[in-house]
Structure formats: structure tokens, C-alpha cells
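The letters A, B, C and D name the chains in turn, as written, and every chain counts its residues from 1.
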């Protein structure tokens, strides 16, 4: 049986780190902060490892099916007897898998930052924020209650906001952090409303109850829900769709992806942790968590998810080919890879073989965490060395940064899907799943994988080859490749990126908890691998040596290249909507209306009173005889009124 | 526990302040007094929980009744239920904080603190009294102190704002007065809330009286479109004044809307619920959008108050138990939060001598403490989980969603949309002031918070966290009380 | 004989004082410095004596009657006069003919006593004149000021005119009922056209004395012109006394004509409140300002009068008591300022708080009480007036009244704002406050605070 | 030579009353205004006498009232004249239009 305290400790240790460093870091433990944070995280990483082992190999499997356990559930806020927000821990394959990913990558980042962020003025704050984020992310993963998930969902949002804006005196960083928060917030609105709708029909926030009630088609809940429709779609469909919007926002799915590239303003390790490995896949995790509802009750929404994922994947890949800021390239590749996971879920369905996509998606999530984190950390090392994000400032670094170079190469191969690296296996499964259910998406995915290989190796070659040695040594400082603390995570992650693919993932993670052996056809994997190699060769041909081929290609592509380079002008569109429409057409009128109309009326009443009193002052004329006339007049008036009118 | 101490403590403090010899004495006496009040409030909370735990299910606890104006059947009748306890707790927090942040008031210090304490006194009396007449008396007590606080110690066009506030609130009280007399005569010559709640009042009468009472109290709690005193009043008032206005006074109105208008006239409430919802939904969105355009920190918070208080009115209008609980939570949460917000703005203003967002930047470097608090309160205002705002708003949403028809749905959605707008304006304010590059080298030498400011901030932050992290206790206070009100509305 | 002594106690005491003053006057006279304290002491004694051995009964073949309620009313007036004698010390000291002033004042008071106790139109008319003619003379007491004379002239002429109207009304009443004894009249009223006409004449005279709009026009001019002591007396004492007898007349005598006078009251009280407020809004001269504010207050009194029951009369008497404290406090401060600096404009009060905190607080307290803001007694007074008015469930009527409280608050706050908020380079220098004035102000202040909070006062009045 | 009836007298008194009122409202001389008031009072006196004689001959109420009115009128006139004289001292005129400083 799961041990609640151990599991509870996994998120609580980072939280302790946050509180400790947040309160006292600045004054008392300025230098020790990093070590404290790392130590605490190491603790929770080990606990996570133990939990995973315990679950997968000791108690998790009951007659061949991985069960879901809820070792802990505390009522946090009771709305009524039935409806309440609980704080709970849920233990099932995906949550355990996520535990591993989050704690591991987070640990790597903690260690890496010891070197990368050394000498930062707000070093302790940085670690405090890392702790906060890790806590929130783990809470999200372990959530047993959809509202609990929403709570931690918001918390990861704010910690990402804090970390992106870590260099708070850089306007670009501030802007980026704001953008990230607001865009995701907008998506979260959808999530919230979705929660309200689903919970209204299922009468519960608890995942188990909610899923149980909404996935049995003959249950009253579903009947009611289907009965009440809005714009043709059933309320339940709307709810599921809205929830997916929330997920799309966090996972930077098109068209809610605009915040992700800017988010690279944050420190590079942060990008590695939050915007590559963990937080951005929260959306995928959310969909996976509610997968039964999506697949059984609202297949339409699942269809949408598939397409959104595919579109995001290819668009991001195209844009990535044109970017020159290495972190932005990585950001777009992240978006594209998450697109993969999404449509993998989209093409999947519940139970048995058909659930391959689900498994594949989770598998890709797992491997992607490894190599993408590795890529970011590697990029971090490069940036650390040349003090620039721009490709043109780099080149020929392979001698200068041997370890970085090697690990980066591994990561590139992995993401490009070259066997036997991790990416290959997960991507194979995804493609297979797509092939089985939706050919269109399959083709998109195939092209995307080619593009992926191309832009990754474009990146690789421009950084490590291209120019001759030492051209940039002027820019470079002398502290070499950064110490052990920075290299160790690279190596560890590289091992992961290389070997993770051999894990029999289907054994552990599947829609219904039963084992799902991944069968592997050579024939099938020929196409993607070939495409991948083609992409690599193209990159080699274009970028291995400094030349003008890229420029000519760009020129020949013309409009398309330009559009892609400008990220298809989606940012501009948003800017137009917010700045022009919301501010000028809604905000300004509202403010004006309030000052001039509403308030104006109030003042008007006052002023008019004064005017009246000014107007009637003539009656007090000072003439005693006039007074007498008024006197008499009043008498007469009263007499007339009460003798003739009212009798 | 004898509730009289809740009136006695502030009263004695105020009198002691009057006889104090110098400014130092005044400050320390008021500080001691306010902490005493805080202690009493907490003691009350504990005593209340104890009674409930010993399942004493009386609607009102610690009831007492003293005859006044017997010939008019007026009696000084008081007692508390969960709502009152929560409100009293809120008041005591804000009073302490207010006393602390106005530590460096040099102009007419004695009068300042006297009026401040008088305001607190009014609030305490208001929340414990169960006799409409006495309730009204305490409600009115606070008008003049507000007027003087703004007019004498305020800034900007203070006389104008002070006048506006006093007159609009007086207008509100006029309506309340009429409604009150209406109740008195239709329900057998009694002002006693407990008696009135048992009296049978014909729906026709209720339809006449409810708007009077609700709008009357609504003026106090910035019911759209009668909210215009809020921006001017808050922005002209001295720091502590704004804290009291937004933190306590606006809650008097909300409390009245619920305890007097809705509870005593359920038929009227049902009749007018639609209008209330529409108005409050407008207030929420429109206040939020209006806030987006403000450039003055105090105006930003004032308008956001309009928007936030809208939630509590919305909750009341929704007429479900959860929504009403949420409304009450929102009152408490907003009280603490907005008080803290004004406190921080005051601290910033004392240093930078400007409240214009554009004139600031990168304050985080010079005043990390203040900036951090600013962050926290901002995040609370945009409803971040773990802080009080989230709990209240979510409760309102969930409660509102229980009304299944399209109208309520739309209203709820409109209200929910405001959380995005809120995020926009809060982040703009934070991003421009505490973050970003420092635009003004005069700000490079600024000092961080003093002990008193720190203490005040920490107290209020503690309040925010106490609600945000473990809302259970507040929920236990408010839910049963809300249930009583609900039962009267549903006629059980 | 013994009965005469007890029943007419207050009148007799007053007469005694008057005669004492007469002797002092025709004797070798006395310096103001010594005479004034003596008078103040006498008035205090008179006031205290007013509490003891009050009997109920009738005299002179039912022409004169008194009850404990009436005794209490008379004593309220005594209190008022005593406070005036304290608060206006500065002016009284300087006036050359102090004894005459008090002779006139006290005989007017005597007239009011008889008026309140009158059970016969003849007595009523006589006492009414006795109560008003001397006041005209008092109004002219600043002999060398033209404004004073003008005010007095306006007063005497218009009051003569109004008493002409009153007499015409009385004659018609007599003609239609054949009696001038009030109880008998009450029995013989049948609501015939002639009687209604007569009542309207009658009512007009009361309206004139109470300065109900539109019979109010003399008020402001007279108040502004007269010396401040007279203004205070007019605005508080005579208003109060007339209000008392007015209620008695309506409730006891003209009860059969209720259907006529209830709507009349409603119309006129609304007019009075609105017009009074609107005029007060603009005033600069503090006396004129208080004049119009007192007109507005009368409007509120009428609200309660319209209730036509015991609650109403209680509320009115209570309010008059409170009103005496509040208004006299205001006049007291005004007179101190006027006597020592000659300034009567509200703008001159700017920055007053800086130099004279005590006076400022007293004035502020008084104004808040007049505006009906807690914790002052004025709040309770106003509220009970409206409560009484609400007894007849005319909500719109109360609403109008309540809304008028907003306007009145506005202009009372104007003065407060001038004193506390407005900057002024040349504020009024610190003023010296003589002991009696300070005493008077403290009494008023205490009265303003306590009359409301000590609820038994109201209950006592109600029990009478 | 017929005996005048009640209505004749009432007619006369009413006429007298309105004459007085008219005089009070129109004459500019303060003394004259005072005299017009005397007219009003006298019309009232006539009323009382007439009512007493014709309708309520039983008691002498009206008669006595008349006497008192005459007395009071005298007192009133005395004070009024005094005031008017005082006014004359300060403004050298007894025209009512010269006494309009107090207004608005």
C-alpha cells in the first residue's frame, strides 16, 4: 500500500525550501541557499524514486492491472455535503511517472544552477522560486481533485511568472512574464468554467467520482448533461472543450502559444525546467488525467485536441527553422513536440490496443523531458560561454565546449528520432498510433519529424561547427566550460536521452492500466527515420560551413520565410486585440463613462440644487409689504384649496 | 463572553486618547487599545467556536438586551452569529493596521487617532447590534469621522471628495431610515431584528421596503451606479482613512444588505434578485475595465474595490447558500486585502511622494519588503490560490453556478471574465512600479519599511494567508449563518 | 388661594423676578457687572424651582389650566432663557439698558407661559401679544444700528398684521360657535365652511409665529437685524412655546378638522423644509444662516405634529429640548465671535479651529446635532420626529423629509469645513471666553451628548 | 327706518377689513400702515360685537374681547411708533422703502 507521508513529503520538501529561503534567504543564508534547495530536492527525488519503485514493482499491480490509489484526502473547503475541494494525493501510473520526471529534471536544474546562477544578487530568491515551482508542479501532478489541480495549476502559473520575470529590471523580461501570465490566465478561465460545468453535472470535484459518473453513458448525470445543449453541442462537450482550452494555454498549443517564446527571457535553467520539461506538459497531463471522459463521453473534443496538436506541431516546426535566437528555436521545438503528445492523445481511444496513442504520448512526454531539458541546459552552457543568445555570435565551439558539444549532439539525435536514441521509440509509437486512426495527422506528423531533424541540426551545426575556431574568442570569457555542477546534469540527462527509449513503457502506462506491449515494425519506421536523416543531411549541407546558402534559400522562399520568421504575425494580432480593442474600445470608454456620466449625474444634482436656491432668492425681497402679500396669498390659496378643491 | 467589551474597549481608548498629553502617548495608547481590541476579537472567535463545538445551536450567541426608549420599543439588543464574528475579526485587524501605518501623522495627531478609533467603534457596534435603531445609530456614527478624516488629513481635492462621500452616504442612510421605519410600523412597532425576522410582512410591503433598504446599504458598499464616492473618497483619504473606508465601511453596507434587507425581506430579495445580479455583474466587469485605465495607484485600488465588492453583491443576489457564503467570504477577504493594498500604497507614497504609476519603477531594489508585500496583495487581488481572494471568488462562482438557468449562467460567466481583466491591470501596476528599470534616480535612496509598517503589513498578510491556505475555519463560521438566511429565503 | 400659588407657581416666580428688576431699575440702579450675575442666579433658581411642586388643575373659570406636561414645557423654556443669559454675557454686559432688556425678555416669557396654559381664546390672544410685542422691542435693542430698527419694524408690523388676521379668525370662530373657551369650542366644531375659513386664518397666525413657509419671510430679516441675544430668544424660546401651544390647539381644539389640517401640514412642512434648506444653502451671515436652518427645522417639527398622537407631541417636546441645546450653543459661539471681532460671515470662520479649538468643537457639535448626526442628541430628535411622522404611514412624506436631511447636512458641513479644513492666512485670533459663557457652552455640549444617550429623558417626557 | 341686520354689519366689517389690508399693502408711510392695521382690528371688533349681539346674546364674551383688543392695539401702536421713531433717527425717513437693507 502507498505510504501517504512519504508521498506527501515529495511536494512538501520543496515547499519547505521555498518558505525557508523566501523568509530568511536574503539576509541569513545567502550563500548556502543553493545547497539547501538542492539537498531538499534531492530528498524528494529519492522519495519519488522509491515511490515509483514501490508502485510499479510492489503493490501497484493487482491481477495484471495497475490500480489507482488515493492514500490521502483532506477536505479543504466544503461547498456542500457533496461538493468540496479536497487536498489529496493520487497514485497511478501517469502521476508516478510525472513524479519521476519532475523531481529528476528539477534536481538536475537545481544542481546546474549552482554553477549557472553563481554570483547572482538574488541567488536565494531564485532557489526559493524554484522550490515554489517544484512544489506546485508536484501538487498538480498528485492532485486527486479537479479543483485542487486548478489551484496548483494557478500556482505553477505564478511561479513561472516569477521566474520569467526574475531579471525584473529588464523591461523585456517583465513584459514576457506579464504576457505569459495573462495568456495562460485567459486559458485558465476556460478551465475554470469547464470545471464548473463538469462538476455541476457530475456533482463532484473528485476525479474518481467525476470520471466514474461521466463515463457511464446510462448514468443520470450524463443523461442530464447531454440533454442540456448550447449552440448544438451538449453541455458536457462544452465543458470538456473549455477544460482543454485551459490545457492548451498551459501547453502553448496554437493559438495560445504566443507566450512561450517570450518566456525565454527567464534564466536558461528555468526554461529547461518549466518551459521544456514540466509545466508546459501540464496540459497534456490534464488531458491524460481526464482521458476517459474525453474518449468515452466527448470524442468530438478529442478530435479537436488531435487537430490542434497536429497544427501546433507543424507550425511550430516551420517557425523554428527560421529563428536565430537559439532559445527561441528550442522553445518552438518544445511547442512542436508537445503538439506531438497532444495529437497522440487525440488519436487515441480508451482501452487495449486502441489506447496506444495514450501510452505513446506519455512515453514521448517522458523522453522529451530528458532531451529537451538537456538541450536547454546545453544551450545554457553555450550562452554562459559566449554571453549571447544569437546564433551569429556562435560557431565552432566543439573544441571549446567538448562535453556540452557531445551531450548536445546526443540530444539532437534523440529529438530527431534517430535510433536507438530515446526520441526514436516514443515518436515511432506516436506515428503508429496516428497511422492507425487518422492518416492526415499521420502525414503532418511525418513532415514535422523531418523538419524537426532539420532545424535541430541547423542549430547544432551553427553552434558547434560553421565558423572556424576562435573567431568569437573576443566575445568569450576565459572561464571555460563551467564546472562539474554544470556538466554533471548534462551527462546524466544525456544518459537519459540516450537510454530512456529502451524502457518498456507500455508495461507501465496505458489507458486501462493493463500492460500494452509495444510491437515494433522495421518497415513502418523506415519512412520517419529516412526523413530524419534527410533533414540532418540538409542541415549539414547548409550550415556545416559558413556560406550564403541559407540566405539564398530564405530569399527563394520569400513570403513564406518572412511570415515564418515573424511567427506568422500572431503576436501582432493579439497586440491589436488587447491594445486597440480592449483598452481603447472598452477600457477607455468605461473610465470616461464613469467619470463623466455616472459621476456627472451626481454632481449635476448638487449643482442644480445650488442654482435653484440662487434662483429663488428674489422672494426674500426685504419689502415688508411684499411679505404681507405672500402671507395673504397663502391664506387665500389654502382657503381655496381646502374649501373649494378638497371638499 | 460579554460583547459590551467590544464597544467598551474602543470607547475607552478613544477617551484615553483625548486626555493624552503628547503625540507619543496618543500613538501608544491607541496602539495598545487596538491590540486589545484584536485580542478581544480573537477571544470572541475562540469563545464562539467553543460554544458551537458544545453544539449550542442558538442563532445568536452571547445575546444581551438593555431597554432604551421603552416607549418606542427600542432596546440595546446585541449578539453575534458567525457573520458578525468574522466581520468583527476583520475590523480589529484593520484597526490595528490602520493605527500602525498612521504612525507618522504629525498634523493634529490626537484628533486623528480619536476619529480613527471612533470609526472602529462604529463598526464594532454595528456588527453586534440586533436592533435596527441601534444598528443605524452605529452606521451613522462613522459618517462624520470619515468626513473629517478625508477633509482634514486628506490629499488632492479632499474637500470635494469629503463632501461627496458624506452626502452620498447620508443619502443612503436616508433611504435606510425610511425602510427601517416602514419595517417598524408594518411589523408591530419593533426595531428588533430577531422579532422582525419572525414577523409576517406582506409581499407587497416587502416589495416597497426592500429596494429602500438594499439601495440604502448599497450606497455604502458601492452598488453600481451609486459607487462614485468610492474612487474620490478613497483616493483623497489619508492612508488609514482609505483602509478603514474600503476595509470596514464598505463591509457595513454589504452586511446590512444581507442581514437587514435580504434576511428580513426575503420576498423582496427574490423579487429584485435579477436587478441586483445585473447591477453587480456590471459593476464587476465595468469596474475592472475602468481600473485598467487608471494611472493613480489609489484610483486603481478604488476602482478594483468597486469590481471586487461587486462579487459580494453578486453572491447575495444569487440567493444560494454557497453564493451567500462566498459573498461573505469576499467581504472579509476584500476587507483585509484592500486595507493592505492601501497600506502599501501609502508606504510607497510616503517615500516617492507620487502615486502615479508612470513615475515609478524598479522599487524592488530599494524597498524589497514593501515590494514583496505589494506583490502578495496584487496576487491576492487577482485571485491567486493560497490567498484569500481566490477562496472567496471561487465560492461565489460555484454558488452562482448552482442556478442552472441561462441568465444566472451568463452573469456568472461575465463575473468570471473579470479575473482575466484583473490580472491585466494588477500586473500592469506591479510591472510598472516594483518591477522594470528604475526611472527616477531620486528613488535610488529610498528606505524600506519601518517597524510599524512592517508589523502592519505582516498582520494583514497573515490574515490573507490564514484565509487563503486554510479557509475551513472561515467557512465554518459563515456557512451556518448563511444557511439560516437561506432557510428564511426558501421559507423553511 | 393656596391653589392659585401652586398652580401659577412658574408665572408667579417669574413675575417676582420681573418686579425685582423693576425695583432695581427705578431704584438707584446697578452696574451690569453685578446685575448680570444676579439675574443669571435668579434664572437658575427659577429653572430649578420649576421642577418642584407641580400640580395639575384649572383656574379662573377654566381660563387657565396646567398639567405636569405643561410645567415641563415651561421649564424647558426656563432652561433656554437661563442659557441665553449665560451665553450672551458678552453682549449683555455691554448693553446700556440691561434691566429693561431682561424686563422685556421675562415678560415675553411670562406671556408664553400664559399662552401655553391658556384654555380660553381671550387669554390666548392676550398672552400671545404679551409674548410678541416685547420681543419686537428687544429686536430694536441695538438702538444705534439701523438694521436693528429695520428688523424690529418688520417684526412689529408683520406681527400686528398677523394678529389682525388671527383676530379675524377668532371672531369667526366665536361667531360660529358662540364661545371663546377652548374645550367648548372643541365640542362645537362641525367642519362648516365658515369654521374651516376661520381655522385657516387661525392657522396662518400660528404659521407666522412658527415661520412656516410661506409665512416665514420676516424671520431671516429680523434674526439678522436684531442683537444676537434676541435672535437666540426668537429662534429657540418663542419657536418652542408656539410649537407647544400649536400642538395643543390642533390636538385638543381642532381635532374635528383633522381632515383639513393634516394635508395642510404635509404640504406646508414639505414647503418649509425645502425652502428653508434652499435658502440656508447660500447664506454667508451666520445669524441669517441659522435663521433659515431653524426654518427648515420647523419643517421637521411639522412632520411629527402631523402624526396627531401622543408619540408626535412627545417627539416635538423632546426635539425642542435638544434644539435648545444645539441652537443656543451655535448662537453662543456666534455671539462670542461677533462681540469680540464683529465678524458674522462664515468665510471669516476659516482656520478657526487652529486658533480656537474649544469653540470650534462646540460649534461643530451643535451643527452636527442640528444636522441630526449621531452620537449627538439631534440624531435622536430628528429620528423620533420622522418616526412619529411615519405613524400615519405616509412613506413618501418621510422620504422627502429624509432627503432634506442631505441638503441640510451639506450646509452645516460648509461651516465645519470652513473651521476645520479651509486654509486662512488671517484667522480669527484666539478669543477669551468668560466663565459664564464657558459654563453655558459646557452645559449645551453636555446636553447635546447626553440628552440622546440617556434614553430615560425621552421616556420621562412620554410618561407625562 | 329699519334696524340694521347682522349681515349689514358683517358687510361693513368685512369692507373695513379689506380696506385695512389694502392700506397696509399699498401705503408707503409707516404710520399710515399702522393706521390700516387699526382698521383691521376695528373690523374685528365690529364682528365680535355683532356676533355677540345678534347670535350669542347670552354671555358677554364678544364685548369683553373687544375691550381687550382695543387695549392691546394701543400697546402695539405704542411700541410700533417707538420703533418707527428709532428707525427715523437712523435713516431720517419713515418711508417703508427706505428700510430694505435686510434681504435675500
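Convention: a residue touches a chain if its C-beta (ideal position, glycine included) is under 8 Å from a C-beta of that chain, and two chains touch if they have at least 3 such contacts.
Predicted model, so just to flag it, every value in this text is computed and none were measured.
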Partner chains that subunit A and subunit D have in common:
C
Looking only at C-beta pairs in contact, point me to the busier pair out of A-B and A-C.
A-B
Relative to subunit B, which chain's C-alpha centre is the most remote?
D
In whole angstrom, the CA-centroid distance of subunit A from subunit B equals 37
Could you put a whole-Å number on the gap between the CA centroids of subunit B and subunit D?
66
From the C-alpha centre of subunit A to that of subunit C, how far is it in Å?
78
Between subunit C and subunit D, the Cα-mean centres are separated in Å by 27
Going by the touch rule set out above, which residues of subunit D reach two or more other chains?
24, 33, 99-104
Pull out every residue in subunit C that's touching 2 or more other chains.
153-154, 157, 161, 165, 220-221, 282, 410
Can you list every residue of subunit B that touches 2 or more other chains, as numbers and ranges?
167
Which chain pairs here would you call touching?
A-B, A-C, A-D, B-C, C-D
Subunit B - residues contacting subunit A, complex:
164, 167-168, 225, 227-228, 231, 286, 289-290, 292-294, 303, 321-322, 362, 364-365, 368, 379, 382, 384-386, 390-391, 394-395, 397-399, 401-402, 404, 412-413, 416-417, 419-420, 423-424, 427-428, 431, 434-438, 470-472, 475, 479
Which of the residues in subunit D end up touching subunit A in this complex?
21, 24-26, 33, 96-97, 99-104
Would you pull the subunit A residues touching subunit D in the complex into a rising list?
617, 620-625, 628-629, 632
Would you pull the subunit A residues touching subunit C in the complex into a rising list?
606, 609-610, 612-614, 616-617, 619-620, 622, 624, 626-628, 630-631, 633-635, 638-639, 642-643, 646-647
Subunit B-touching residues of subunit C, taken from the complex the two chains share
311, 314, 368, 373-375, 379, 383-384, 386-387, 390-391, 393, 395, 398-399, 402-403, 405-406, 409-410, 413, 416-417, 420-422, 455, 458-459, 462-463
